Each structure stands twice: as structure tokens, then as C-alpha cells.
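Both complexes below contain chain A, partnered by chain B and then by chain C.
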Partner chain A sequence: MRRGIRSLALAAAITGVTLIVGSASFMASAQPVPVPSAGVKIDNFSFGPAQITIPAGTTVTWTNRDDIPHTVVSDDKLFKSNALDTDDKFSYTFAKPGTYPYFCSLHPKMTGKVVVQ
Partner chain B sequence: MARGGLFDPRTALLAKHAQHVVLIHFPIALFIAGVAFDLVGRWRKRRLLAEAAYYNLLAAAWSTLPAFATGLLAWQFELDGQKLKGVLLLHLMLACASSAMIWLVWWEHFRARRRGEALPGRSVIIEWVGVGIVALTGHLGGFLSGVNGPG
Partner chain C sequence: MVERKKDEILHDHNNDRVDRRGFLKCMAWAGTGALYVMQGGVLKSYSMSALSKLGSTAAAAGELSFVQISDSHMGFNKPANPDVVGTLKTAVEKINGLSMAPEFVIHTGDISHLSKPEEFDTVDQILRGASAKDVFFVPGEHDMLNDDGKQYLERYGKGSNGSGWYSFDKKGVHFIGLVNVMNLKAGGLGTLGHDQLEWLEHDVKHLRSSTPIVVFAHIPLWAVYPEWGWGTEDSAQALSYLKKFGSVAVLNGHIHQTMQKVEGNVTFHTAASTAFPQPQPGKAESPGPMVVPAEQLRSVLGITTVSYVQGRHALAVVDSTLA
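On to the complex of A and B.
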């Protein structure tokens, strides 16, 4: 009788440990995969780097380091930021491969390009 | 003729916001010239300079209208009318103040001419304040348009 209880307790302990380890590994696998990112600095009336090449799925973040406002607008209006004051940021995730030229709508001479592979 | 060429009229007429940075020079130049004519006219007591000042100020006041309208259009076209902040908001506020000052200075001259009276002494102060606000607005506009940037 006592042996039966002991066996039952051992089985319950093993099951519990298995459940805990299993759920922990499931939760770990359910965590989102980190998205690759890239940065473009806006300074002195230019985008730097003016052209970047990134894999599909990358999020590009533009940061305005200039002391006047700028915008980030793609030529085909796929993405368009608000006016970015100093230290403001704008991000866009490029899901599909292609070439995405963009400019600052306040200063159209400022241009850049994102190449997504 | 290729679109975007230097002498393509479509470049000037259809460039949405480009007119503002062109037209804004008229009220600025006419107003400052008007004030200069007025001050020199008072100093030298020249009636002809006072007349020149009046018509410069009149033209300056009317030219604020297209300049202001194209500025608002630039806001709508290029920034989708988004809520302004920072330098853009300051530029808009100073532009409103500048327009009001230009019209006020013209009104002082208009009223004095209609009544056949000399301009009140305070009008010199108003003119100088007006020139200061217009200069500050233009300074910010220069930064926003990128004329102070490279290239």
C-alpha cells in the first residue's frame, strides 16, 4: 500500500516537472523573433547614409539630428512621416524586396534610397 | 520642354508649395522699403518719399494675402495639415503677427492721409516693431526653406 502511494507521488512529481519544463520551453519558443533594424541619420540637410541595403522585414528608423524640421516621404507615398523636430524619430518596416526612393517634402533636394533584398 | 526645367512654367505654377518661398519676398521687401521711405521722408521732410512709402506699404499689405494663402497651402499639401510644433508653429505665429503689423502700419498711413493729418509719433515705433517681427519671421522661413543649408 505504502509502495503504491510512493509510486503515485513519484509519478505526479515527474508529470509536474515535465509540465513545467514543457510550458517553459513553449513560452520561450512563442516569444517574437527580434526584427532586424537599421538607422538613417538626418543631419545638415542630408540623409546619412543616403542609400542603405537591407534584408526584407527590416525596420528602418530615421532620426532627425538637424536643428530644423524634416520629413521622410517615399516617392510613391508608401510611407510618409510627420514633420520631425530635432531628435524625433520615424520608423517603417520594409516587408517586400524592392527599391524605395524617398525625400524630405520640406526640402525636396534631400533624397535617399532604401534597397530591400 | 522637360518638366522641372528652369523655364518650364509648370515648375512655378504646379509646384504646390514653391510659390510661397517666391511670393513671400514681395511683402518683406515692399514693407521694409516702405518703412525706409517713410523714415527718410520724415527726416528730410520730403513729401514725395512719404508718397512712395504709402504706396509701398499698400502693395506690401495686399501682397501678404497670396503669401499667407500659399503658406497655408504648403502646410496642407506638404504636411497634410498636421498639428504644427516647434519652428513650424513659431513661423506660422510670427507670420500672422507680421501680416497684422504690415496691415496696421498701412492703416496708420491711410488714416493720416484721409484726415490730412501728420502721422502720429507712435507710428515710428509700430513700424520698427513691424520690421523686427517681419525679419524674425523671414529668418525662420529661411531656415525652414533650406536656404541656410548646404547646396
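On to the complex of A and C.
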């Protein structure tokens, strides 16, 4: 548990991504632990932030803020969203540590990376 | 000594009385509302207002004329154009008003915005109002969403190969529709892929080098601006199979603006969208839809007319706006 908290703090510090964790219940071992989450925005044909570092078990949600549809597809096809229209979201929970490069299959110059610790 | 004329041909590699300089000049004309046609071996340029006069002459000469439209993005409803139905209808009116009635229409992709059945239905219905009844499609990335192009192929891919590529002949001109929006790789550009390249090599192998070739595909087959993905990874390979031909025209869409380039015997041309404009390469943060004042919108949308004079090395590309 302590290790998890440290990773979370580290991830937040590195990426500046908002990690939403119910801290009260998180600390109370009797309560179920909420799933930590992180967000990536798609704006101006780019993923922001382009790289995020998260602890294992984190759910990442991508939100398309462009007027053009985009997709979120991992290079090894582990995860693959449908086309996201404006304000559509796609989420994926990263269970295992590793590095997950991804891109938009419609505009492949758009690339990003999720590092799971 | 004969006095040197302004349009004198200085180099004539193909013995067809078109030299590179003359050709470039022609391309410089295209897009400014002028029409350039090679007739009787003589370069002629026409202003748009003289097109009606040319119409009868061209028809008599057995000219082939067709229209390219692109990027209708049916279903798009953002500020850059809340009425893509209206602008596509205007494009059809424009086609129907051409003095040289086109034999068919080529749509270079992004028919729909989100690959929804009703978006394709709407485009089909509007295009049925065009004087030219045959429409030849190639897909844009917006037409192959979520199902790897299954729906597109069911609707438009009859008789095509692979993800939708094919060729056909009209009045001695060989047309090749290519697909470069599938299986794109992270960090890369448009892709034709091995199977399609192999097919292309075979498709043109037995054609005479004097056959005029028209290639059409969604993403430009030349490096317009790779930073925005405006190019095709393996286009050089495709073009290498077309080197022997005296006249190759490459028609693309995707970048929502007209642009052209001449390289040897290959003329590259991109068409305007009928839906919304995109910024010039590098002139904005991203290639997203560009909002212009409502009263200017139709002046940055358009159609492209292409004409060939049969039996001669002749090409005319005219961009007309919807304004």
C-alpha cells in the first residue's frame, strides 16, 4: 500500500496529470480501494500529455477535444478505441507494468505513451 | 529567323510538343480560373468565360471530361461548416452547370465524417442529382471507421481488390483508384502496402507508354507536408511503375485545399473539399478544420474539372470554387 501511494505521488509529480483518488477511503484499509484514474486530452491533433506515468491498475481516459474524430490504438493492438467524435471518451485500465506506446490510426503522426510502474 | 513566340516550346522530350516549361506554365494557369488545353498540337489557354466556346470544339475533338470532388465529410456539423449538405448540393449544381458536361465524377474520399450509414446515404442521394451518373470512389480514413472498411466495400467496393483499389478505362485513358488510408503505422504517413503495389505493377505492365494515366487516391501521393501526415510512405514505389508513361495525372484530396506540382511527366493535384477548408501547411497549430467568415466559406470550397483531348498529350485541370 505504501509503495502504491508513493508511485501515485511520483506519477502525479512527473506527469502533472490529475490522479483522482478518494484519499479517505484509500487510506482506510477496511474500505474498497477506488480505481485510480488519469486523463489524456486530444487537442490540436496531439495527445496531451504525450507521455504519462501511472501505477499499475490505473484507468486512463482519453477525451477528444478536436472537431475531427481520432482513435486511440496501442502499437501492439492491445487496446483499440472506436473513432472518437468531439468530446467522446475512451478508457483503458492498465493492469501490468510496462511501456505502452499508442497512436491515432487515422492520423498516425499523433503518438503517445503510457508508462505503467 | 522566325521571331520567338511567347509560348514557344523549348524542350520536347516526348515529341508531343509539350515541354516542361510549357507544362508548368499550364499548371500555373490551373487554379486561377483558366483552362489549358492542347489541341491540334498547339498550346491554348482559355479564360473561364471562354469555356462555353471551347465546349463544342472539345466535344468535336473527342475530349474526355470528368469532375473530381472530395472530402464531403457528410455528418460534420462544427463551426467550420454547419451545412455540409448545402455545400455538397452547391457542388452538384456547379457540376450540372459546366459547359462541358462531364462523363463521370470521381470522389477522392472522406465521403462521410463518421462512416455512419445515413451519412453515406445522404451523399449518394445528393450525387444522384448530378448530370453525370457514374461516380467512382476511393475511401478516405473517415469512410473506414470502426469496421476496417467493411461497410465502405459493401457500398462502393464492388469489383475492387483488397481494401478497394481498382482500375478502368475511358476513351483511351487508364484510371487507377488507390487506397492509402488503411493499416497506417504509428508515426507514419498514408500507406499503399505490398499487395496493392504488386497489383499496380501488374495492372500497368501491359499498357502502352502513350496511354494517359490518371491515378486517384485520398491522401496525397507526394510529400505535401509530412509533419501533418500529408504524404504517402510508399508512393515513390507506386510512381516508379508509372515512369514509362508520357502523361500521368495524380489526383488527391485529404488536405482540403488546392495544390499542384509537376515532376517530369507527372502532374500532382489536390482538390478542395466540398465541406470545410484546412490551413496551409504549417500555417496553424494543427491541420484541423479552419473557420472562415460565413460569407467567405464557399470561396474556399470547390470542385475540379479535368479534361483530356483524345489521341493527344493533353491535360486541363480547372479548380472552381463554390462561390
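Following the convention adopted for this analysis, the second predicted complex is superposed on the first by the 85 of 117 C-alpha atoms of A that agree within 3 Å, B and C clash if a C-alpha of one lies under 4 Å from a C-alpha of the other, contacts with A are read in each partner's own complex, and residues count from 1 in each chain.
As a convention for this text, contacts are C-beta pairs under 8 Å (C-beta built on N, C-alpha and C of every residue); 3 or more make two chains touch, one makes a residue touch a chain.
Being a predicted model, the structure only gives us computed values, none of them experimental.
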Side-by-side fit of chain B and chain C on chain A, or clash: clash
Touched partner set for A:K96, first chain B, second chain C, both or neither: neither
Partner chain(s) touched by A:K77 [first = chain B, second = chain C, both, neither]: neither
Which of chain B and chain C A:N44 touches, first, second, both or neither: both
Which of chain B and chain C A:L106 touches, first, second, both or neither: both
Touched partner set for A:I68, first chain B, second chain C, both or neither: both
Comparing the two partners chain B and chain C, which touches a greater set of residues in chain A: C
Contacts on chain A seen with chain B and repeated with chain C across the two complexes: 44-46, 68-69, 82-83, 85-86, 105-107, 109
Touch list for chain A against partner chain B, complex: 44-46, 68-69, 71, 80, 82-83, 85-86, 105-107, 109-110
Chain C partner contacts - residues on chain A that touch it in the complex: 44-46, 66-69, 75, 82-83, 85-86, 101-103, 105-109, 111
Footprint of chain A on chain B - complex, ascending: 78-80, 82, 84-88, 143-146, 149-151
In the complex, chain C residues that touch chain A: 76, 78-80, 113-115, 141-142, 145-146, 184-189, 227-229, 285-289
